[in-house]
Every structure is written in structure tokens, then in C-alpha cells.
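Working notes for the structure below.
Each chain gets a letter, A, B, C and D, in the order it is written, and its residues are counted from 1.
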Amino acid sequence: GAALAAYCLMLGDDALVLSHRLSQWCSRAPDLEDDIAIANIALDLLGQARLLLARAAAADPAVVPVLAAWSGVSPVPDEDRLAFFREADAFRCTRLVELEHGDFAHLVVRLLLFSSARLAVLQRLAASRDHVLAAIGAKGATEVTYHREYAARWVVTLARGTEESRRRLLGALDELAPWHAEQLEAHPVATALAESGVGVDPAGTADEVADVLAQVLEAAHTPWPDVAPRGGVRGRAGRDGMHTEALSRMLAEMQVVARAHPTGRW
Amino acid sequence: GAALAAYCLMLGDDALVLSHRLSQWCSRAPDLEDDIAIANIALDLLGQARLLLARAAAADPAVVPVLAAWSGVSPVPDEDRLAFFREADAFRCTRLVELEHGDFAHLVVRLLLFSSARLAVLQRLAASRDHVLAAIGAKGATEVTYHREYAARWVVTLARGTEESRRRLLGALDELAPWHAEQLEAHPVATALAESGVGVDPAGTADEVADVLAQVLEAAHTPWPDVAPRGGVRGRAGRDGMHTEALSRMLAEMQVVARAHPTGRW
Amino acid sequence: AALEADFEAVIARHERIEPRDWMPEGYRRTLVRQIAQHAHSEIIGMQPEGNWLTRAPSLRRKAVLLAKVQDEAGHGLYLYSACETLGVSRAELTDMLIEGRQKYSSIFNYPTLSYADVGTIGWLVDGAAICNQVPLCRTSYGPYGRAMIRVCKEESFHQRQGYELLMTMMAGTDEQRAMVQESVDRFWWPALMMFGPPDDASPNTARSLAWGIKRNTNDELRQKFVDMSVPQAERLGVTFPDPQLRWNEERGAHDFGQPDWDELTRVISGDGPCNAERIAHRRRAHEDGAWVREAASAYAARQQEHPHDQKEQH
Amino acid sequence: AALEADFEAVIARHERIEPRDWMPEGYRRTLVRQIAQHAHSEIIGMQPEGNWLTRAPSLRRKAVLLAKVQDEAGHGLYLYSACETLGVSRAELTDMLIEGRQKYSSIFNYPTLSYADVGTIGWLVDGAAICNQVPLCRTSYGPYGRAMIRVCKEESFHQRQGYELLMTMMAGTDEQRAMVQESVDRFWWPALMMFGPPDDASPNTARSLAWGIKRNTNDELRQKFVDMSVPQAERLGVTFPDPQLRWNEERGAHDFGQPDWDELTRVISGDGPCNAERIAHRRRAHEDGAWVREAASAYAARQQEHPHDQKEQH
């Protein structure tokens, strides 16, 4: 159960954290249609996160934080205890999703990198021996296909729009490309679950993801930047709970109300 | 005791909150000298805040939040329980000091408005019948005189520097001027303490503050903008705990570590 | 004159005027103003709730709020489209909003100060909006009426969700109950002001009624809202901050106090607690997005010129 | 040649070279590089600690940290001034920093992930800096040596404060103790790397020693730091993540493992965990401040032209 829970937290935290970053865009998009699209993507990812956190809690109740404020069993749902009562180092998302949001080019580039990698995983997850994960994979793949198309369309548009938009797009690509590889790295938890037919080894999707990105970037007349992948600290990165400075700042805001009222009902 | 405590919280929270806003500038100033000056002002105000919060706690221990995590007496100092364990609506600062920071023009205009009003109060407070407040007033007046000079010098420089700097300065003045009057409004707590020779009625400083600002703005070749003072909600404003949306966001960050470790030692 | 007679006949039969029909210039102007103001309210209304989106205390509430704010953007979109049928573009309307030449609902110039405000906005603000809007489903201008039907359906869903949040919070801790009451205290009077000034101070009402744009007076709708809200407050366990509020057996309706109309005047004229911030936020988003919109136009123009290129790129 | 002999004689007597003295071009270049790198380290070093300034968990700690970060800005200022005596302006140095043409201490390319890091940076990072810098108080270039005297005094104050924070946290909760240990685990190896590559891979050391710019080799200083830190760690109740660390009675010093020198190479060449963010932050601050610096110059220039005007304005 522990490995499955850890695996579900990885996929769940990716969705939760990026959903949060996207929700910070609310009422700030360049056009109403984009405000709607971004909120929609954030909602889809939040939905995926909720299913995955619930699956993690079911697989191993020990991953769910115990709330000291409750003497007995807390009525706070598992998904909320996981989202609002873990410290940054207990999150298992990659560092790509947690970075502070930048301009709209940053949004679409991050979404392209994320959804390309996630789609490849979800499509394979649809064949998981775990029926819950299989359902999440099947449903999620449909959603993320749309996210990827939205991102790809904007990446091409910005790359070939104006000088200014191209400059910004290339800047965002330079800034984000070093964080891409972490999504595709093998991790013992994922590898073990892949072997038992429950999870997906992201390393096995690397070629497919590279092909998808290459196609989009070709349409964008833009090369993949020549940058080294961003290293971790002491050999550890997001999947091991070693994050950037941005995550704990983000959680301070995200968790503040829930933590101020640990015995509250919402 | 309750009135004195409330009064000390007003003056203390003003200093605490503006100190925090200034500390957000750390490593972001236009030049090293300004980084040093801003940190120095933030430090002075933090020092004033600590003395005033301690005085508030001594005057009326009931204002200090009780920490549920400690069964007996908490070793967390009063100043910290006041700073880190009050919700936004228990803060007594004016709304001017809590607004999100903008550009450098915003910084110096806010500092000019704040330090002009505060200096007038501190100078009078030096004659308080309360010896602690008298000492805080005397020491603080020296500090805030320097803060005001720093702000005034920059206001004049920006107003008469380049077109761009003048545009930004006027923008900041337009944005902040509506929040100025709240600093000078009579408040029952201050009025009562002024009558007993302990506190200062800010309304009595209004003319002096207006003169000071008029002098600086004249040197800046800049008129005071024709804007209405910003109203409160249900007739209440910062001094009554009715704040802007910015304060609770700021506190989420400021209080996060202290609250995550209510039984911690620092 | 024949056109005008046709127009009057359609109005008299309570049928719809459609975009291609002839209409008096005053009718068109009044409609543009009202629909634009309504659209702007949806867009500006995203901010006070959006303020708590990133702090929602449960994932379910976060999803509900995100969906709601998204719906508001959607409502803005239909309403701008309805306005465009009257010959004014969305870009022009946006400029009028950020230059302060068109208004939006006064209620959104109040700050949101706790998570309870999310519930209160759903219950009271959306509740008041529904009272205002349900009759507009029968408004005489077709595109507006049809937009309102969709909007009202979603708004009543939002209202139920807001009320349900407050109900849940009232079943929580003492602090939560106090938070709900404090929030209701803050929003009650501004909600009553949403119906506009009293009838005797509302000079345009008569004409709007005659044209079938409005279907009820401000005071009629305000009364209806009060009568609807009082039993809901009782069920919730909160009070309204009005000592004059009581049931009047004779009228079969509630008597209630008058809001501070001077406050409404100040808020409408730009001096409310958050007017400057709301407009500044909208302006910043609009300006920050300019380069993206320009890129999209430039790219679309280029694709028109070189349609072959377009094929390459999916 | 007479000049060169004079220079060599001053060096040989362990006296100071002053700005107006003749010096070999290589000496000047080496000094500029070293002092600039040191100044940049102070400035970039404000960021990792500044990251926790707004979250300091007590007002006392907040004041201590604010004062410390302010001191770092001050150190940057003296060191840039020392560099200016060698004919390079602060503006040029800043450009070299933000364009990545000059380095700063590799340690600041690691993230700060908990409040314990503030203590660990004080204890280990400032501790390592002091080991490096105390000998530099006797460096052969006068302005640099004098700046170092002031810097070292303040650094040891910072180091004591950092250690004291960790001591206090170790007397706190289990979570706090774990936080301290985790922080020390993260910073130990990067702190050892602060002394630079091993002597046999440090080609410039010999010349810097000969010129009296450096007074000790990297490995000598690293050994001194380890010997100093081990008893401090024991007193604190934490361990260092080095299984090879043990007292060697014979050498009268600690044996210890080698840091991952490839990691150091990566971090120095720009691919550490935070290099891009640190430089981007500095660049943004510099660019955001450009209009202010321009305004100050324009205003100063105008005051020079119209000195009468100046009188008006205080």
C-alpha cells in the first residue's frame, strides 16, 4: 500500500499544485475566453487531484496527516488533510508545477511541458490493474488532451505572432526547459509499480513526449533550448520532497484558512 | 487598561505592518544604498512595534491571544503572540500601511505620508504621562525624522527627475492620497487617552501634517491630488479592525511558520 | 412612423425585439448601457470571490468556487455578445469599463474579508441578482432575454451553493458562526442597494418599464428580496443588522429600514472601499494581455495570407 | 622594473599595497576578480535569507535577520568601493554579475527550505566565510584588507546568532530538531565546497599566495573549518552527513570525505539548483530600479545647473 500511496501522491500533487498555480490566473487572463479555458483546466486538474489523493489515502491511511485538534477521528476528509495539512517536504510534485507563475507565455509553455508528459502517463495508466487508477487514467487522458491542444495552439501562436510574443515565448521556454526532464525521470516508486502493472514508469514515455514536443516546436519554428536539466539537492528533487523555494510560499497561502480552523466545517 | 492597550496596538500595528511591507523590498531596491536605508527603516519600525506591543500586553493581558497548544502558560513572548496569532480583524493599523507594495514611487510616497503623520504623534507622545510611551515617543521621533527626510528627498527627486519618474510619482500619489486621511482621524480610544494626557489625538496634528506635506509637495512642484478620502465599511476602518483585502493575504505569509509550530522555540 | 408603430406593437404584445428589427435610438442606448453594466458586473465580480480562490479551505469548496468564477466569465461573455448585437464591440465596452465611463454593480466595490464572504455573496448577492434578473428573462430585447435565461439558471445554482456553505459553517465552530454573522452584517445593506435607488429617485425606471426592458420597479424587487431572505436567515441562524426589520401582517410583507443612500451615491461615483482596486486590477489584466491579443491577431492575419502554412501547424 | 622591485619588497615585508602604488596587471586583475566575486556573494547572499525574512517566526528573529541582511548589503557596498579603487565602477561590476561574467559564492545557489536554514547559513556558511576571510584581513591590498576587518567582525556576530538560533530550536519540539538536522544535512557539503576545489586542482592558488592576496590554501582552510565545526555540532546535537568523518589522533585533525566536486563544477558553471533564479532576481531588481537611478542622475544634473533651485527644496 505504501508504494501505491506514494505513487498516487506524485500524480495527485502534480495536478493539485498546477491547478493552484492556474487558479492564481483567475481574472488576469489576456481575454475572457482564456480566463474560461484556464479555469476549466484548473478544474479538471483539481478533479484529478481529488481522486488521486483519495486513492492514496485508501491505499495507505498512514500518509494522511493526523490533526492534533481532534481527539478522536477527524471529520476532515482525507483529501483535505492531504492538501492542507502537509508541509512542503511531504509533497511529491515535480518542481516544474510549483514554480511561481510568470507571464502568459510562461503559462502556456509550462502547460505544454506538463500536459505532454502527463498525457503519456495517463494514457498508459488507463490499462492499470488498479481499477481506480485505470478510470482516472482514461478520464484524465481525455481532459489532458484538450489541455495540451490549448497549450500547443498558444505556443505556436505566440512563437509566430509578433516579435514581442516570440521573445517572451523563447524566454519562457529557456526558463522552463531545465525543469522538464524531472517529469520523465525514473523513480523507484514508479518503477516498482510499473513492474506490477499498476503504475507507469515515466522514463518509458520519454521518447513519445519528446516527439510530441518536437512537433509542436517545429510548428512554432522554435528549437528546443540547449540547457542542462536542473539538478536536485543531495540527489533529491520534487518526487522526494526536495522542492524549490516557491512551494512553501505557495502553501502558506493555500493552506492558511484550513489551518486557522482545523476543527472547522466547510 | 483596555483603552491604553488598544491605543498601543494602533501605534504598534502601524509600525509592525509597514515594517513588514518594507521588508518585502529586501534585495529589490534600485540601489544598494536604498536597500540599506529601507532595511534600516524597517528595523526602526520593528523596534517601535515590539515596544508598543509589549506595552499593550502589560496594559491589558486580555489582548494577548491564548495559544490552545499550550495547556499552561505559553513561553511564547507576548509580542509574538500578538504579532503572529491574531487574525486580520484584530489588527488596529490604518489601511495605508497594509496595502500591497508597488514600485519605488509607491514606497516613498507611502513612507512620506506615514512618517509625516507618525512623527507628529511621536513628538507629542514624548510628553505622555505614561513613561514607557514617553520614551517610545522620544526615541521614535528621532528615528522617524530620518525616515521622513529620506522619503521627502526621494519624492522631490522623482517628481523633478525624468518624465517617467514624475509620471510614476504622480500615479503613486493619486493612488495613496485617499488613504491618508484615515491616519489623522479622531478615534474614541485616542481621544480618551489624549484627554488623560497619555495618548495623542491624531486629529490635533492634522494641520501640522498638512503643512509638512505642503512644503514637500511644493518643493516637488506637485499639487496634492483632488481625491476623496477612502471610506470604510459600515463606518469602520483599520483602527476598528476593518481592513483591506491585502492584510489577510500579508498575514498568511508573515504568520505561517509561527503558526505551524505553536509550541516551537525560536 | 410605421417602423415605430411596429416596434410599439411588439412591445405591447410582450414579444421580442430582435437585432435586425428597427428600434428607437433611446431604447438601443438604454439597452447597451444596461447590458454592458450587467456584463461588467460579471467580470468585476470575479475579483472579490477570486480573492479567496487560492485560500479555499477544502478541495470541494475550491472546485465549487472555481466553477462559479468560471461561470461568471461565461456570463460576461454572453452578455458582451448580446451587447454586440446592438453594434458595440467587446473592445469598446472594455475600454469604457476601465476608463470608468460605464458602471458595474456597486456591490463589488466592497472587500471580501473572510471565507464566509464567499457564502454570503452566493446567498445574498446572487440572491439579489436573481430577483433583479428573473423578470429580465421576459425583457423585450431577444438576445438579452435569452442570455438572462441561461444566466439565471446558473445563478440560482450558485445561490444554493452559497447558502449551503453558510449552513455548513454554522454547523461548525463558534468562530465560524461569528464569521458568518459578521459577513452577513457587512453585506446586508450593500445587497439591498443592488436594486438601485428608491423609485422616487430613479428617473429612468418609467421609460424602461414602458419599453419592456425592466419589468418591475426597484422598490418592488427590493421588497421581494427582503421577504425571500428573512426566512432563509432564520433557518440559517443569523440576523440582519436592521432594527426596523419586522413582519407587517397588514401588508403581508416585511417592513425594513432604508440603506444609507449617500453611501450608494459615493460608491457609484467611484469612492467606495474598493472601486479603485477593482478597476486597476481589470486595467492591469487588460494591459498585461495586450501583447497576447496582438500576437493572436498577427498570427491569424498571417494565416489568412498563407493558408498553406496553417495546415502545417497542428 | 624599479616599480616592480618596490612592489615585491612591500609584498615581502607583508605590508600593504595602496591604490596609488604601482602594481602588476595580473595582481590588479586577480584582485578585481576576487573582490568583485566577494562583493557579489554578499549581494546575492541576501536572497536565500531574504526568502525567510517575511516568515520569521518571532519578532526578535525578524529583527536579527533584517539587521543581518542589511549588513550584507553594507559589506557589498564596502567591497564594491574597494574594487573601485582598482578602477572598476560598481555599475560595471553589476553588469558583469547579471550577465554571468563574474561569479559569486556557489553556496547561494542552493535553496533555503525551512527557517532552520537561516541558522545553518549563519553557523556553517558564515563560519566557512570567516575561515576564508580572517586571513584576508592581512591580504596585501590595503583597501581590501581593511574592508575585510570590518566584514569579519560582523560575520562572526552573524555566526554566533545563527548558532544560537539552532541551539534554541534544538531545545524546542521534535519537529524543530528534525528541521535543524535536515538543514545541516543539506548545507554541510556545499559549505565544504565554499573553500574551492582541492589544492591540486586550484591552479591560481600559488600565484595568489605569492602575491599575498591569499594567505592559505583551500585545503588548509577546509581542514580548519571541519576541525572547528565538529565540536560545535556535538554541542548542538546534530551530525554531519559524512561517514568518513572522524578524529585522526596522529594528524591532530579530522579526517573527512570529499565533497562531490562534479556538483561544484556544475554549480559554478551555472547549473546549480538556484543559479538562474538568483541572477534573474538580481537582474529584475536592477532593471526595475533603472528609472529611479535615471531620475536621481537627472535631478542631480539639474541641481548642478541651477544651484539656486537646490536651496528651495528641503
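By definition in this document, contacts are C-beta pairs under 8 Å (C-beta built on N, C-alpha and C of every residue); 3 or more make two chains touch, one makes a residue touch a chain.
The structure presented is a predicted model; accordingly, all values stated were derived computationally and were not measured.
Shared contact partners of subunit C and subunit D, listed by label, are A, B. Summarising the inter-chain layout, the chain whose CA centre lies farthest from the centre of subunit A is B. Centroids built from CA atoms put subunit D at 36 Å from subunit A. For subunit B, residues touching at least two other chains, in rising order: 252-253, 256. For subunit D, the set of residues that touch two or more other chains comprises 55. In terms of which chains touch, the assembly is arranged in some other way, matching none of the line, ring, star or all-to-all patterns. Pairs of chains that satisfy the touch definition comprise A-B, A-C, A-D, B-C, B-D. Every residue of subunit B that touches subunit A in the complex is listed here, in rising order: 68-69, 87, 249, 252-253, 256, 259-260. Interface of subunit C with subunit B (complex): residues 51, 55, 110-114, 182, 185-186, 189, 241, 263, 266, 271-274, 276-277, 280. Of all residues in subunit C, those touching subunit A in their complex are 43, 46-47, 50, 52-63, 66-67, 69-70, 73-74, 76-77, 80, 90, 115, 165, 168-169, 171-173, 175-176, 281-282, 284-285, 288-299, 302, 312-314.
Contact residues of subunit A toward subunit D in the complex are 88-89, 175, 178, 228, 230-234, 242-245, 248, 252. Subunit B makes touch with subunit D in their complex at residues 16, 20, 23-24, 26-36, 39-40, 42-43, 46-47, 49-50, 53, 77, 79-80, 83-84, 103-104, 152, 156-158, 160-162, 164-165, 168, 219, 253-254, 256-258, 261, 263-266.
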